């Protein structure tokens, strides 16, 4: 019985030792913990069930923890994004997911707060005292069931018009632990495949399909019910005994509306700060 | 370690045998199962942790089950409501809960689709071909944290103005099983205490506080994470081993937006049909 | 042909001279203009078509005017509210109108941002560093067509439970000028009658019906189409020639969603500041 | 002073006689009036201020008129769409406008109810008893100020991926008359330029920029305040005297939320019926 998670960090934990083809390093900054996992060869990819590349996990204190500041949470994400994004050139940001399904709305909600600048002339931005703004464009492509078009196709089409130096895709993820929901961010240089594991080449959103680097930023918002039950168990042996009743059902906290609102605000501000480092968070918040 | 549930049916299952002071009967109609539990004395009340009175549980097929019709689901609820409601006199309906928290929004969403008629003169309703409409009024009182007023106080104040023959309160409940969410309805003649068990007499909504019968209609929309884990286990002994990590966290399915929409539509139509039995479901749907 | 407006200031402009029974004074503070009109006798009441009492009109710069600060806009409203509200005792605030009709949603949207405190114990508020908070409770009573209950009845019922020293009702108004929409606030000590002029005693919300002072705070959000046309004309004589086509149709700016959002935020913060003068606007904004 | 309208029908009325280069025919079907205007040469294009092509105006009874049925309203739009659309091949539908500005939300709201089929295999649709479905895909491209990308660019990019036989763009329009709002539909084979008249070639959405036929379907939802005033006047001479105060301000009825909801439902169903003529309106409504 498989533990369902989209986090490379959690898959690494579950992989049998020794883990060849996987390296990892961890550092802590105040209340924030950052883990960088690199999958270096096909064997590692098989072990963690994810493509070769780098997966950065940022664990920030939950929003209910008032000993931590939003600045601290944002700062770690901004720094890690800047390590992985190209330093120059236009950026296209896509918010994946279904805006009408609360736990799936992270992408669409986040891009509502991204500062789009591609259409703002340099003269205007200078006149407004904003200096030279990096070109940023934003789309919310919707979901296949409502559009009839693979998200990857829409992004590919827009990439052809906008010619970005890189694409950032934002999506809601599944985690094995309730405690991660809304307060863990995974940044990967591998792109993603929505409804991952489907093995549908039309749906892959990556450098190989788009022709430019794709940074995937995800936040866990759901947990598989069976995984949740297993995770609440101490011993190994009981895991055999789990009923199949909850199989395939994804659950989310009662407070998911608040979780999504906070996470979307945090991720949007982190991206805005990463792309316009000469502007303060306060100025950027006032602009969106 | 306690199993958390607001359903008398589930509490009855968990109570140790023999269950003095509790009677129950079950009947099936097509795909629908109805269980009537009566708590007849204080001993029974202690066993199920709920006040004396009658608790009707209606289990309808989930909305994803296309072999069942909405008419069938509605019909059972309408019939049971009519068994418990006074046959004449004005009715006040209150939709409890927080409209901004998806799993808690059942009450506010349901009352949006209740046909309010108290302000419609008989001449007008006759002229519209609707015959004599029973007087129905509707409120959505909000939640204590946003209003500063106990829900029970708001309802009490409005009862004093409207003088109903009975009050129906609609609320989201907790269940021990994920599979019940959105497809089980509990109708009780005992009223309710929001955030039940708090033992706050200001918050009790019942005949003893309002002076008129109070029918509580609830639909489970959340499950306690620990209860969920226990429920997914087969044996008894493993229940000791559950981690405390998820303690107190309520979870809900990823599809909660859809669950709430369907359940609110179903409950509202069932109530409209119960209160205006001379009008067809189609006519009632067109009026709201 | 009558000019439709809910503003005493505009009715005063339209009344024929001499205006016995009406006194008025005007003062300017920076970009803000304040006019206090007092209707002192029945003759004045007839001239302006409004009950005897005091009507304060606060004209602030529109939100698109960036030379004015939000602090300046808020400050004037807060000062005038404090002149008219009792200095002590619990306050009940009711946001009138239909949350689903954008230009009518000012009341419901405003009360979403009012800090409700009645349920917060003094120990807790002191422990949170908020000092002694004035007791504030909040309701959003809905509209007659959806509840079957007159707004005045719901408020009266809640007043009976909460026993406030005064009630503030917030509502959207009609003005004769497009330029006023969203940037004029009228504060009156006369209460209001929703759908005013109907002469329905059940619907009056005033000291005579509730037994406590009622402060009505309104913001124009709609203009009568015919009034708009007349107001855009220079001469007198053309006014005879207006078609009856637009008669009775109320219009609102294309940007009404933004107008309502800004006005609701402004009014809520002004009220919060008036009721908790020992707390800064920044602290109050963080609390709601 | 210019009358502002996006309707060819209204521009034709305003053009000085004789109108060379413009032909028109009118027919009535029950309560519905259909006018087909063809702009045949550059002189006609200059007179009506619109590109050469065909403009069909469908005037249906307002929704408040209960003597007319929704079927009648829908039927006329479906018939006219089918006259102008290619009979075969995939269709891409784009809902233009800002979902957060109520009078501008017609496009995004309409496409929420369009049946997307491109991703549904023929086996599945046959198994579901739906027969062979025409390939339909749907996008909601957002607005330049939020995306940084011209709507035309996003559509062009998606056209490159989807290769439709034609594109339908849906947008909110300006009319000179309040009475048209929500109950007039213009269908043109010329495409459109959002924020028309700007003369920005990047923003034109037409066969010349996309390479496939573009059908523009628009519904008036706003009126220019000055145009409204002029239209409410009888004589010619007073038109000189209109104040400049309302210049440039667009207004919309107080009931705009309801207008948009009804119009979006009507347009979506009309398009669904036009594209899947073998399915009944009832079946199509149940599918979206």
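Note that the chains take the letters A, B, C and D in the order they are written out, and that residue 1 is the start of every chain.
Going forward, a residue touches a chain if its C-beta (ideal position, glycine included) is under 8 Å from a C-beta of that chain, and two chains touch if they have at least 3 such contacts.
Note that the coordinates shown come from a computational prediction; the quantities given were computed from them, not determined experimentally.
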Set of chains adjacent to subunit C and to subunit D: none
Chain of greatest Cα-centre distance to subunit D: B
Averaged-CA centre spacing for the pair subunit C and subunit A, given as whole angstrom: 44
Intercentroid distance (Cα basis), subunit D paired with subunit A, Å: 38
Touching two or more other chains - residue numbers and ranges from subunit C: none
Pairwise touch network: line, ring, star, complete, or other: ring
Each pair of chains that touches, named by its two labels: A-B, A-D, B-C, C-D
Partner subunit D, residues of subunit C touching it in the complex: 100-104, 177-179, 222-223, 225-226, 228-229, 231-235, 238, 241-243, 245-246, 249-258
Parts of subunit B lying in touch with subunit C, wherever the complex brings them together: 112, 116-120, 135-142, 144-150, 153-154, 156-162
